[in-house]
Structures are given as C-alpha cells and as structure tokens.
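If you scroll down you'll find the structure; I have some questions about it.
To keep things simple, chains are lettered A, B, C, D, E, F and G as they appear, and every chain counts its residues starting from 1.
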Amino acid sequence: MFRNSYDNDSITYSPTGRLFQVEYALEAIKQGSASVGLVSKTHVVIVALKRNAEELGSYQKKIIRIDNHLGIALAGLAPDARVLSNFMRQQAMTSKMVYNKPIPVARVAHEIGDKAQKNTQTYGRRPYGVGLLVAGYDETGPHLFEFLPSGTVLEYFGAAIGARSQSARTYLERNFESFPDCTAEELVLHGLRALRDTLAQDKELLIQNTSIGLVGLDTPFKLYDNEDVGEWLEKLGDVGSSRGRRQAEEAEAEAAAAAETSAPADEDIPVPDVPAEPIETDD
Amino acid sequence: MFRNSYDNDSITYSPTGRLFQVEYALEAIKQGSASVGLVSKTHVVIVALKRNAEELGSYQKKIIRIDNHLGIALAGLAPDARVLSNFMRQQAMTSKMVYNKPIPVARVAHEIGDKAQKNTQTYGRRPYGVGLLVAGYDETGPHLFEFLPSGTVLEYFGAAIGARSQSARTYLERNFESFPDCTAEELVLHGLRALRDTLAQDKELLIQNTSIGLVGLDTPFKLYDNEDVGEWLEKLGDVGSSRGRRQAEEAEAEAAAAAETSAPADEDIPVPDVPAEPIETDD
Amino acid sequence: MFRNSYDNDSITYSPTGRLFQVEYALEAIKQGSASVGLVSKTHVVIVALKRNAEELGSYQKKIIRIDNHLGIALAGLAPDARVLSNFMRQQAMTSKMVYNKPIPVARVAHEIGDKAQKNTQTYGRRPYGVGLLVAGYDETGPHLFEFLPSGTVLEYFGAAIGARSQSARTYLERNFESFPDCTAEELVLHGLRALRDTLAQDKELLIQNTSIGLVGLDTPFKLYDNEDVGEWLEKLGDVGSSRGRRQAEEAEAEAAAAAETSAPADEDIPVPDVPAEPIETDD
Amino acid sequence: MFRNSYDNDSITYSPTGRLFQVEYALEAIKQGSASVGLVSKTHVVIVALKRNAEELGSYQKKIIRIDNHLGIALAGLAPDARVLSNFMRQQAMTSKMVYNKPIPVARVAHEIGDKAQKNTQTYGRRPYGVGLLVAGYDETGPHLFEFLPSGTVLEYFGAAIGARSQSARTYLERNFESFPDCTAEELVLHGLRALRDTLAQDKELLIQNTSIGLVGLDTPFKLYDNEDVGEWLEKLGDVGSSRGRRQAEEAEAEAAAAAETSAPADEDIPVPDVPAEPIETDD
Amino acid sequence: MFRNSYDNDSITYSPTGRLFQVEYALEAIKQGSASVGLVSKTHVVIVALKRNAEELGSYQKKIIRIDNHLGIALAGLAPDARVLSNFMRQQAMTSKMVYNKPIPVARVAHEIGDKAQKNTQTYGRRPYGVGLLVAGYDETGPHLFEFLPSGTVLEYFGAAIGARSQSARTYLERNFESFPDCTAEELVLHGLRALRDTLAQDKELLIQNTSIGLVGLDTPFKLYDNEDVGEWLEKLGDVGSSRGRRQAEEAEAEAAAAAETSAPADEDIPVPDVPAEPIETDD
Amino acid sequence: MFRNSYDNDSITYSPTGRLFQVEYALEAIKQGSASVGLVSKTHVVIVALKRNAEELGSYQKKIIRIDNHLGIALAGLAPDARVLSNFMRQQAMTSKMVYNKPIPVARVAHEIGDKAQKNTQTYGRRPYGVGLLVAGYDETGPHLFEFLPSGTVLEYFGAAIGARSQSARTYLERNFESFPDCTAEELVLHGLRALRDTLAQDKELLIQNTSIGLVGLDTPFKLYDNEDVGEWLEKLGDVGSSRGRRQAEEAEAEAAAAAETSAPADEDIPVPDVPAEPIETDD
Amino acid sequence: MFRNSYDNDSITYSPTGRLFQVEYALEAIKQGSASVGLVSKTHVVIVALKRNAEELGSYQKKIIRIDNHLGIALAGLAPDARVLSNFMRQQAMTSKMVYNKPIPVARVAHEIGDKAQKNTQTYGRRPYGVGLLVAGYDETGPHLFEFLPSGTVLEYFGAAIGARSQSARTYLERNFESFPDCTAEELVLHGLRALRDTLAQDKELLIQNTSIGLVGLDTPFKLYDNEDVGEWLEKLGDVGSSRGRRQAEEAEAEAAAAAETSAPADEDIPVPDVPAEPIETDD
C-alpha cells in the first residue's frame, strides 16, 4: 500500500520526472568501500579501501589496470565493475589496433557512459550497480572521470565515491587548490589522507586494505598493492585524520545507524523522496 | 489505491486521451537548469546555466557543438542528451558525405523528433528525459528549434527550457520584437539577461556557471565556456534582473517549494490532472 | 477498485466488445484544435486552426503538403502526424517511381488506415493519437477522407475534427448542399466560416492562427499560411459566426468545463460506458 | 474484486473451458448494423444496412467485392474487415496466377478462418472484431459462408449477422424452403425483406442505407449501391415488415435497452456466464 | 481473493503438481457434442453427433477425412480441429511423397500429440481446445487413438468424447467383447447405439445430425453424411436406448444442470480441486 | 493473501533459496503410478505399474524402449516423457552414426538432465512434469539412473518413483545387498515384489497392469507387456506383500487421504514449507 | 501486504541498492552440504561432504574433475553445477587447442563469474543456485577461488561453503598460518579436520560421505572417492573435532532449528533485511 508505484524499472518516470530504479542503483555504490581520485598538472592518483571479506581471503580488488595509461577504482557491485573493465580493455585494444594510439581517456569514459545509459532506457536490463573513477593520461594530459550507473560521466579535479566518501570530499575541497602543482608523491599522500578520513574510528590504513593507482607524465599506470603500499604508508606517517573528518563522519554514522536499523522496514514503507543529492537530472 | 491507473508506460492512453509517461518525461526537463535561445536575422544564440555538482568537479556541459553550423543546449537527463547528440553528429556527418553539404537545421531537428516519437509508441523503451534547443545556420538562414521528449519539434524566435525558465520567457516576450535587427553581440546580451532572470536570488551569472553558443552568417558555431565567457559578462554589466523576473520567480518559487515539500507524498496520491501547460496534444 | 478492467491495451475486448484504448486514442484528437475539410465538384479545401504555444514560437503546423496533388490537416498528437505524413510521402514517391503517376487519394488514405489498424491489434504498440483529413485531387476528381486511429477511413463531403468541431459540422450540415457547385474561392470561404464557428467567444480568425490548403482541377496543392491567409480573411469579412455556432458552442463548452473540472478524478472512477458517439464498431 | 479472472486474453481458458476474449470479440459484431445472406440453386445474395455516420459523409461500405465471383458483407470493426478483405484479394489473385482458376469459395473462407484462429491461440494479438458473410459462385455452384472471429467457418442456406439480426433470421427461417428455386430477383427481394426486419421502427430501407451484392450462374459479382439500389427498393414495394419482426424486435429491444442501461456497470461486475448462444464450442 | 492462483497459464504447476490450464482445456471438449469410436479386427468406425447451430445452416462437420486410410472425429473447438487436421494432412502427404506409403496411424497420432504438448510447455500459446478420435487402417491393422489437448495419445478398443460421452462409454463397456469379430456393418450399428445413448431425452439420431466414418481392410475411409446416413439409421431401427443410458444420463444431467446454474459464479470462486477424472498425470 | 509469493515461476528464488515451481513439478511425479528399478552385476531391471484409464483402452505405456541397450520407466506426465524419449532416441541414433557405438548410459542420462535444467532457468518454459528411471547396459556394465525435473541425475542400485513408491523403496532397502549377485530372473522377481508393495490393498499385479524391462550382458533390451508378463507373474507366485509394505502403505495412505480431502483448499492456503523430502538442494 | 516489494527478479534494486533475488540465490548454497578448500605453497586441496539421498543410491558427486590441473567442489543446486562444469570443460579444451596450454585457473574462474553476472542483469533468467570452490595449479602455482551466483570470484587461502561452513572457517582461521608450508598430505588432513567440524554431532566422516580432490606441483588433479578415501580417514585418526566446532555448531544449530521451524511462515512475512553477511556489495 505504501509502495512507491514508480520504482519497478528504469524505464518508468515518476510524476515528478524521476527514474527511481536508476537512483537505487546509485545506492549500491554507497555500500562499497570508498575510492578517491585526484589530479595534478602531470599525474592522476586513485586510492581505494579494500574490504576484507574474511581473514582467509585475499582482500578484494578495488583498483584495476586497464591499459598502460589507464586504470579504474570502483565502489559497488564488483562483478559489474569486472564486466565494465573487460569492455574498457577491449576498447583500449581496438584503439591501439585501429588508430595505433592509446585510447583517449575521455572517449573510453564516455563509451561506458553510453553503454550504461542503454541499460536505463531498455526494459529487461538493470542499471549497473557500480561507480567508477577512471584515471588516465593521454595527449591532453592527466584526466579523472567519475562514471555513474545513470550514464553520467563528469571530469573532476578530485572525486570520492563509496561509503563515507563525504569525509574524503571534505578533505579534497579543503586542499584541492594545492593539487595542480603537487609532485606525484605529494598527490598520492593527499589521496591517502582523504581516504583515511573515510575510515571508521577504529580502523587504520594498512598494507592489506589500501590500494594505490598512479599514472601520469612519463609514468605508466602503476598499481601498488600489499607490500608495495608499505612505503607510502610510512611516508604518510601517523598523523590523525583531519578535524573535518570527525564531524562528517559523525553525521554520516548517525545516518548510517538509522538506515541500518530501519532497513528491514524500509522495503515496505514510502520511499523518502529527498535523497541526499539529486544525481540524475543535473546536466 | 489512489494511483493513477494510466501512467505505467507511454503506450497507454488515459480515458481523456493523455499519455502520462510522456508528460512525466517532460517533468524531467524542469529539473535541469535553464537554457535559453533566441534568433536575429543573421544569428542564433543559445545560453545555458551550468550547475556545479561539486566544487571539485568541472561544471557540467550544457551546450554541445554538433557541427560547424550547429549546436544544442540541453535541460534534463545529460546522458540522454549525449546519446542524442551522438546521433545528430552521425546525421551531420552523413549529410556531408552523401550530399556534400551541411545538414539543414530543420531536418536534423525533425530526425531526433522522429527518433523520440518511436520511444513513445513502443513498449519497453522510455521517452527521452531531456529537452534540447537546436541552434543552427543553413542556406535558409539562422534557426532555433525546441525539441521535446514527446517528439514535438517547433521553431521559435526565442525559447527557454529547464528550471525557472518561465522567467526567461517573460524577458523574451517583452523584448523579442527587437531581436531580428540585433547584432550578434546584442543578441548574446539579450540571451544572458533572459538567463539571469532564471537565477535564484542569491546567485549570479559567473564564468563558471555560464555557457554561450553563437552561430550565424559568416560565424561558425562558437562555444564560450569558462574564461571566454568573461568578456560577455563584463559587457552585461551589473544591472539587476528585470522586474518581471522577480514576480515570475516568486510564483515559481512558491510552486517549487510546495512541490518539494509534497514530493514524497506525490508518488502515492492521485496525479493532478491539470499540469501547468498541456504539452502533448497541441498541434 | 473502480478501474475499468478492460482498458489496459488495444488488444483486449470489454465484455460488450469494445476496445477502450482505441476509443481513448480518439479522445486525443479532441484535444487538438479544429480542422475542417469540404469538397466541391472540382476542388477540396482544408482549413485549420493553429494553436500558438507561445508568443515566441511560430504557430504550429496544422496543414502539411504531401505531394503536388495531396495534403493533410491534423488534430491530435503532432509527432504522430509527422510520422504518418512521412509515410504518406514515401508512398506518394513510390507511386510516381513505380507507376509513373500520382498516388490515388483513396489508396494512400487506406494505406495509413491499414498501418493504424496494425497498432490496434498488436501488443506493445499504441494506436496513433491523431486524426487526419486527407485532401487530394486525382483522376477521379477531388476527394476528402477522414482518417482515425482505429484505422477507420471514410470519404466525406465535409468533415471536421478536433476541439469544438461539432460547431463546424453544424455549419457544414446546413450548407453542404451548395458545396458541389462552389468555386474554389467560395469553398474556401465556407471552410473558414465553419472553422470560425469552432472558436471560443473571445477569439477571431487571424493570419497567425489560420491555415488553408487548397487543391483541385488545374490547382496543385497550395498551402496558405501567415500573410498569404490575409486576403482570404478580408474576403471573409467581419460577419459574426452563425447562430448554430453559439448553441453548439455553449453545449460543448459546458461539457468541456465539466470535463476539465472532473478530469483529475476521471482517472480513478468508472469509465462511462456511453461515449457521445460510438466510433469503432460502425461499418 | 468482481472481475472475471479469465477474460484477459484469448489464450486463457476459464475453469469451464471457455475463451472469454473470443466471446467478447463476437460481441463486437453485434454492434455493427445487420448483414444478411441467402442462397438459391444458382445465386447468392448478400444485403446489408449501411449506417450513416453523419449526413456529411458517404455511408460506410458494408459489402466489398473481392473478385469476379466473390464478395463479402460485414458486421463489426470495419478496419478489421478491410484487412481481411485485402488478404482474401491476395489469395484470389494467387489462385488465378498459380492455378489459373478462380479461388474456390470454401477455400478462401477457410483460409481467413485459419488466419483468425491463430489470433485466438497466440499471446499478443487480438481476435478479429468482425463477422463476415462470404458469398461466391464457383465450379460447385453458389455458396454462402459465415466467418466468425473464433475462426469458425460454416456454410449456410441463409444467414444474418449484426445488430437485430435475430429478426432477419426469423424471416429467413420462415421462408428458406422457397429459396432454392428462387430467381435472382426473388432472392434479392427475400434478402431485402429480411434486412428490413432488422430496422428500428422509425427507419426504412433507403437507397442511401442499403447495399446489395449478387453473384451466381452467368452473373459476375455485382454490387448495387446508392442509385442502383433504387430499382430494387421499388420492386420491394411498401409492404411493412413481417409480424415476426415486430415480436423479435421487441424482445431484442428490451434486451438491448437493458444492456445499454447496465453497460457502464457491466465492466466491473461478474460477466454473466450465459450468453445468448454458445458460439465457440459447437463443432 | 478466492481465485485459484495457479491457473493463469499452462506453464505453472499448482503445489500439488497439476497444470490447471491444461485441465480447463479438457473442459472445452465436454462442451462439444459427442463422438464415439470403436474397433473390430478389420475395421474402425467413428460416429458423431452434429449440432445444428440453426435451421438455416448446414450441420457442423464432426468427422473429417484426412487420407484414404485415415479420418478423425472431434469434440470441442472446431477451428482448433481444423488446424490440426490440416497438419495431419500435410504429414500424410509427406509420408506418401517421402516414404511412398500411407502414414502409420500411430505415428500421425503421436505427431499431433507432440505438437499439442509444446503448447502446454511454452508461454504465450494455449493448449488446443479439442479432443480427437483418430481412426485409421495401416499395415498393422485398424487403430483407434484418442488425442487430448495435454498431448496424451492412447489407443482404445472403444472410446467416446464430448458431452454426455459417459453414456456412450457405458454402452461400449457392456459390449466391447463382441467388437473384435463384428462385421463392418455390425460395428457401425454398435457405434450408432452408443452415440444414441448420449442424446438428450427428446432427441433422436437423424440424417441431419449424424455422421459416420468407416475405414478398414479393403475399405478406404468413407464418410457418411446426410442422405447417406439414412440407410444406417434404418438398419438401426427404432429400438430405444439401453437402460444404462437412462441412468448415466440422469446422473450427468443433474451434474450438468448444477454446472449451468452455478457457472456464472464459478469464475470467481475456488476451483474445485476434484475433477471427475484426473487426466493429465496418468501414464 | 496467503499465497506463497515465490512460486510463480521456476526462475524466482524464495528468501530461503528454494525454487518452488521446480518442487511442484516433482509433485507431478507422485501422481503417476509407481516405477521401480534395480541393478545386479550383469543386468538392470525396470518394472512399472500401468494405470488403466478405462476398461476400453489399452493400459498406458510405462516402459519405453530407447535403443537396443537402453530403456526407460516413467512416472508423471506421459506427454512430457514421450518428448524426452524422442530426444533420447535422437541422441542414441546420433551416437551410433557419429561414434559408431551405442550411447553410454550415463551420457544420455546427463543430456536429458541438462535439457531439463534449462527449463528451470529460463522464463517462459516449465520444468518437465515427469520422472524417469533410465536403465541401460554399456561398456562399463549395467546402469540405473534416476532423472528428475530439476535436472538432477543420480545413479542408484535400486530406485522407485511415483505413487506409493516409498513402499517399494522400503523393500529395496531390505534386499539390495543380495542384488549384485542375482541372476536376471531373480532380479526381475525382486523388482516385481517391490512393485507389488506399492499396490493398494485391493489390487494385484496382473498381466494387464504390469510392465517389465530387462537389459544386460548378452541381453538386448526386452520389454515384457501383456501376455509376456504372465510367465513372470507365475514365477512370482502368490506370496503376499512384505510386512513393511503394509506399514508404509498405511502411513502413506493416511497422508494421501488427507491430501485428497484438503486438495481443493490447498490452492489458496499457504503452501506448507515442509515437503517430505527436500529434493533440489542436495548435491 | 508484508511482501518485500523488490525481490521479484534480479534486475530490480531495492531502495537501498540491494538485489534480493541474487541474495536469495546465495541462500541456496547454504542448503547444500559443506565443501572446504585450502592452499599450500605447492598444492590445493578441496574436500566435501556427500549427502546420501538414500541408502540405495550412490552418494552425490560433490567434487568434479575439470581438467588435468583443475577441479571444483560445489554446494547448492547440483544441476546448475553440472552446467557450469560443462562450460569450464569447454573453456579448458579450447585453451589447450587454441593456446596449446592448460587454461589459467584465474581465467576460468572469472569466465564463470562473467557468465553468472549476465544472469543477474538480464530479465528472464535466474542467478545460478550454486557456489563453487575452484582448485587448480598453473604456471603461477596453486590457486583456490570461490565462485558465487552474484558473479563474485575471489581468491582465498582457505574457504568453506555450504551448510555449517562457519565451523570449517573457524578451523581454517585458527590454522591457516601453517598451511603454506604443509605437505600435500598435511594439507589434506587439515581439510578433513575442517570438514569434520561441519558435521552434525551424531555424524562422522566416512568413506561413503567424503570426497577429496588434490592438485599441485607434479600432482595432476586426483579425486579420492569411496575406498580411496579410506587411507586418508585412517591418517586422520579418531581425534574429535576442535572445541571451536562445538560452539559454532551450537549457534548454527539453533539458528537452523529456528529457520526450519519458521520456514513455512517465512514466505509470507517480511524478509529480514539483515542477512548474516552482506555479500553482494563488497568489492
């Protein structure tokens, strides 16, 4: 009875012109651990928090290399990301074979955007349940794109997706003016600090749960995982997270707590019509 | 129980002959920021307000160049606009290759209209969620077309779509008699004034949030973004918005406020059968 | 609960053998402004009322030229009419290329009828939401056909579709005996008078809102729009509308007022089983 | 709640083995004006009542010539009949081209029967909403077949379909023993008398509302419409309708009146399980 | 609310493993008039009761010749039987052309069985609504098969389908031990007596309502209709129906009466889970 | 309201991970009469109970020969079994033609298993409603496989499916240790005794209702039906069924009685979530 | 009324971004008996518990050999696992034919992951209902992957799936630090101990219910079943299960007991929104 009547599929508009299934897909991103990206004049960095399913398993892959000049960080449904990364690899390979040059970052980003848009306009498919940060370096320099299930693809100086990513964004907003002139090393450390701000209070960045991707001028895409991450964490030192983190975290934590408590009920009560951020209809 | 029974898809008529899903798609346009277009005897101008998703991101693209003589401004779902602009580019390229001349503006506008109409008559697709202002200059002079998800394509002297666009229309209606003889510069300034009237009270036109597209006699399509917009804003000067703006804005603001307040509830209560403007059935 | 259970799609009969979705499509015609057609021994005339969406826009196209000997007037969903007119143009072109003669008016009219019938018998499409008056002159003389979304195609001496079209029909019924021997000019004036009777009390026929199409013996299809309409309106003079108009208008106005008032409610209450005119099952 | 649960489509049986959608399609026939057919040893006659939509229009076509030896009369949805007649014409043409002889009447009748049966056994189509009387003369003599949307095709000596057709059947039953030896003229007059019995009390057979089709030995199919009907009506004279007519008419009128009164309610109440004549399951 | 939830289509099992739509299709057979078949060592006979739709029409075809050695009797939806008989004829023709011999009776019976089974396992089709008695004579002698919409095909010594067929079965069961050694004539008379037992009390076997099919050793399939039936009815004489008939008839009549009375209500009340004979799951 | 919400089709899991439609298909097996299979070191035997639809008909086929080394016994929907046996025959023929050797028993069993699995994972089909015992002898000796609609295929020493099959299983479990060294004759007798235990109290194994299939070393598949069964029944003698039978039977009878009584209601009340044996998820 | 509205299919998100049908598919795994896998520097071991359907049948296959260097253990729907293993075998064969080398373990694991992801994003299919442990040895050493219906594929040092697998995981977590340096024999024994911890209290590992798969350096994939398992069980000795087992078991047993008791009700009550482990959205 209380059911939202317009959220069955992604091809039905609500009377106010919204596509709820697409918005719900965006919620799936928030259930993945955070990924952060940022750009200087010469490099792009993506860092991500790996969630350890169990002690017995390797941590999950959060950063995936696509090509020599290109990589992605993800938040949301990992199998969907794998499918999209396979597609990107094919596009990159085709570009090399047909045009004899690496695929431009903007083009590959828009190609997954168009692929995703189709899933929001055709009955019988579902929007992808994953957000991506696409980091690459091409003839026009370093680029960072955020990809969303709606098909939205936007370029950013700094971006963060996934759980508690607002804390990372707060850090980025305070410091992004210094990014353009950062060295690759400084850029990585900024990224790690932003990522650290997304951690719960009793968690720390560890070589097991941190992934770093770096690409830029004269720097082929390099993925730092496990032991390789160690040197970066040492450089980061032991400085606590910024004050902004605490505040944002607390607010988010409260919201999350509320959400988790009410989740079972959520299914059958009216869908709140005021999501934190209207995502789809901006343009 | 209170659900509108005829708004599940775009292929079902209500007893009064309306297609609600198509009308809901038009609502998606109103959730995008405004775009304005106007025509003189020699030029067409489109100006648009970019919404900044976050400080960290570049502003979103609101004006897209299609060809040397053709560009569009959009309001609504950006991924849908990207798909349509890709289609227009293909049509333009085909015209050049096959007929060895730029595609006529009216033809490309009607081609996206026909493409959109199919989505309103076939089960399993959804109407596009975006409105476009198509601006171009061809053998028959400058043209401005408004494209809507219903497939409606109409030529205008001046047009405005998106949030608070009524304020811009009010400005255009007061001044359109002077447009035909405007110089390109005067036309741009008229466009910016109309666009300014769509701003909320505490907002101003800035180089970051304003896009300008100009095309006409001896003037290939030129897109002014960011710094390039500066000179135009200087020419615009600091004159406040017209009185008409205030009034229309207030009325709209009230309506918007009411809408936002009642939005969550809207989903499950009867769809009001009296939209502000009946769009579909005019002919 | 009160919902009509048999009006979901055009392939489900009600227990009384009716196809409600097809009937609802006919309602979409009534929401368009009126079009009128009439025939003499030598000519056919179609006249139509253009609705001005806004002051800023050109008036909408109500009469469309198909071929040298053929044109249509429409009422209802304009994008649907555009699709049908494209189809008619293709048919006309094929006839010239294959048979080396203009397409017979009856044939092209029945071809769109058959095309429309398919949409009433196949799941996943919707009946067209537009009515057409097809006017043409061929080897067998002048012809006027009315096309309806049900696929019904009938020849008329005089016909009127769209809003308040009953008033026009009343005029035609009173005067149709004089049509056969009318000159082209007299026929146009009869058409304009019938059209004028569909106007609301505070409206007049103007060069901006009136379209005229004329075709006949030694008269290729000619479309009078804007300034070209001026000479006809002068000939029409200032004579008020006929008495019959007032009466019909009042009755219709009351009905329309009632309809508009109750429209929002209409959606969820039983569909009245007694439409003004049973359209589908006549034969 | 009261809705009949087994009448959504023509591929679902009710617990008693009935196909309601097919039965509802038969109701559409009853909403068309009557057609009557009858056979002598040498000729077949079909006569039909044309309903005049408006004074302005030509009367609707009720009898359609298919081939030199073949024609049909219809009752129900005219566009469906047009589609079926197109199909019959193709079959007839094929027969001439491939077998070099006119298509046998029984074969063409069964071919539309098979075509119609498919629509009752496949999801996503709807049964035709029209009944036909197929009249033709071939090597085996004159034949009259009745085609129904269920795909049922039966040969008759005399048959009547459409509104108030029971009155015509009553006439035919009283007189059919004399048909075999009738001349063509006598047969036409019998047909007209039967047709006249289906008229409402204040209606008469007129040249405008009567169609006659005649085919037989040495008599190619001839359609009498408008003026051509005049001589037949003169021969018919002014004799009132038979007594049987009055009685049947009254009974039917009562039923019809009841039906019309309760029609709006019919939609949401249980479908009465006792139609006047069980049509489908006879064999 | 009381609706059986598992009888929407033939691809959904009830919790007890039943396919209700298939069972409902079997009910359609019971609404046709009876057909009876029986076998001797040398011949097969099928007899059937034709229902006269009206005095004016020829009686309906109940027995159809398929090939020189093969024929069917039907009960249920005649158009479905026509489609199946067309299919059988094609199979028979193919056999002659490819294998140069008449199609074995068992094979053609199983081929329609397989065809019917597909309709019970694929969404979007409906099970055939007709039962057939397939009678033929091939290298292995005379055969009688009963075909049901479920795809069940079983060989019988004697069988009866359609309305009141239980009375015929009672007759057959009492007499079948004498069948093997019957002459063709005796076999036909047994069949007619069984058929007579299915008649309502005020009905008699007449040349108009009786069809007889006979095939066997040195006896190509012969269909006796109308006058040809006369000699058989004379041989049958005037002996009343057997006592068993009365009893079975009375029981059935009561059941039927009950059914007819409660039919309209049946639609919306729980489907009784105890059909007279569980048909599907026997094997 | 009480309806199980997850049993509409075989592609929807319940919250506990069950596929109810697949489980319901298994119920269809229980409505067929019993089939029993058992294996020695050299032979496989399948025996089955034929249900006589009527005295007039031949008993139904319960054992079907597939190839010289292969046969099946079935319980459930006979038409489904026929389709599967046709498929097995094609596979067997292909094996002979392509590999020049009889198809291995395990392979053909798994091929129908894979075919059946598809029907449990694709929308618009239904799981087969039949269980099979596949008995064959190949290079690796005698084999007995049980096939279920879920696609489950397991090898057994002894197996029983269909109504009251638990009684047969009880017999098999008590005696299976002696099977390996049985002669073919002893194996058949064991099978008959197990089958006899599934009979209702007032029933006996007769030549009319018993089928026997035997295949093994130097023993091509042989089917004993009707008279051929006689010698086996004589060897079986008159010994009553084992004590275990009585007990199992009584328990089952009670359950069955309960089921039959409550069956009509079952449709609309909650599906009991505790089937006798969880079948699907074992592995 | 209490029904979860977003769990009809795997292409609909809940408002919190979850795909319930995919989560339900994961529940199907828990209904299978446990499988355990673990890795040393040189070998991979998979062990599994076979559930005996009946005494008469062979135990079910829980470990399947795919190639010389590759095997899988499964928990959940066995037919689904068979389909996936067929697919893996084809992939392995293709690799050998095309690349002339054994397929890398990671690649084949991701290929079934991609295959499974498709079933979660396309309407009309269902997610696989089975989990797999993929064990193989290739150029990069021994690997153990866990495959889930969501398409998630993760590499593990030790893993356990199926009923009571938490107890096995507890064992693995306590001992995994010693795995890398284990000999193959030690690794198998660790696996058996972990598997033993999943047994109910009154059950023991037996040669009938235990399967072992071993592959590694110089060790082609070897499957130990039945008698072959004996030597391993002897080596395992009679030591009881670890203390951790008892505790975990008790907790799980209670949960299971509760689940079984409430299962019938579960279907129609709100789905609890807090599954033990959020599986899908980790990445």
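The definition used in the following text is that contacts are C-beta pairs under 8 Å (C-beta built on N, C-alpha and C of every residue); 3 or more make two chains touch, one makes a residue touch a chain.
All figures in this text were calculated on a predicted structure; none of them were measured in a lab.
Shared contact partners of subunit A and subunit E are absent.
Comparing the contact residues of subunit E and subunit F by number shows a mostly separate set, under half of all numbers used being common to the two copies. For this pair, subunit D with subunit E, the centres built from the Cα atoms lie 30 Å apart. One simple way to say how far apart two chains are is to compare their mean CA positions; for subunit C and subunit E this gives 55 Å. Shared contact sites, meaning residues of subunit G that touch two or more other chains, fall at 1, 3-4, 123-124, 271. Chain contacts in this assembly form a single closed ring in which each chain touches exactly two others.
Touching subunit D in their complex are the following residues of subunit C: 1-2, 4-6, 10-19, 110, 113-114, 116-117, 120-124, 146, 150-159, 169, 172-173, 176, 270-274, 278, 280-283. On subunit G, the positions that touch subunit F within their shared complex are 1, 3-4, 7-9, 20-21, 24-33, 51, 53-58, 60-62, 74-83, 86, 119, 123-127, 129-130, 259-260, 263-268, 271.
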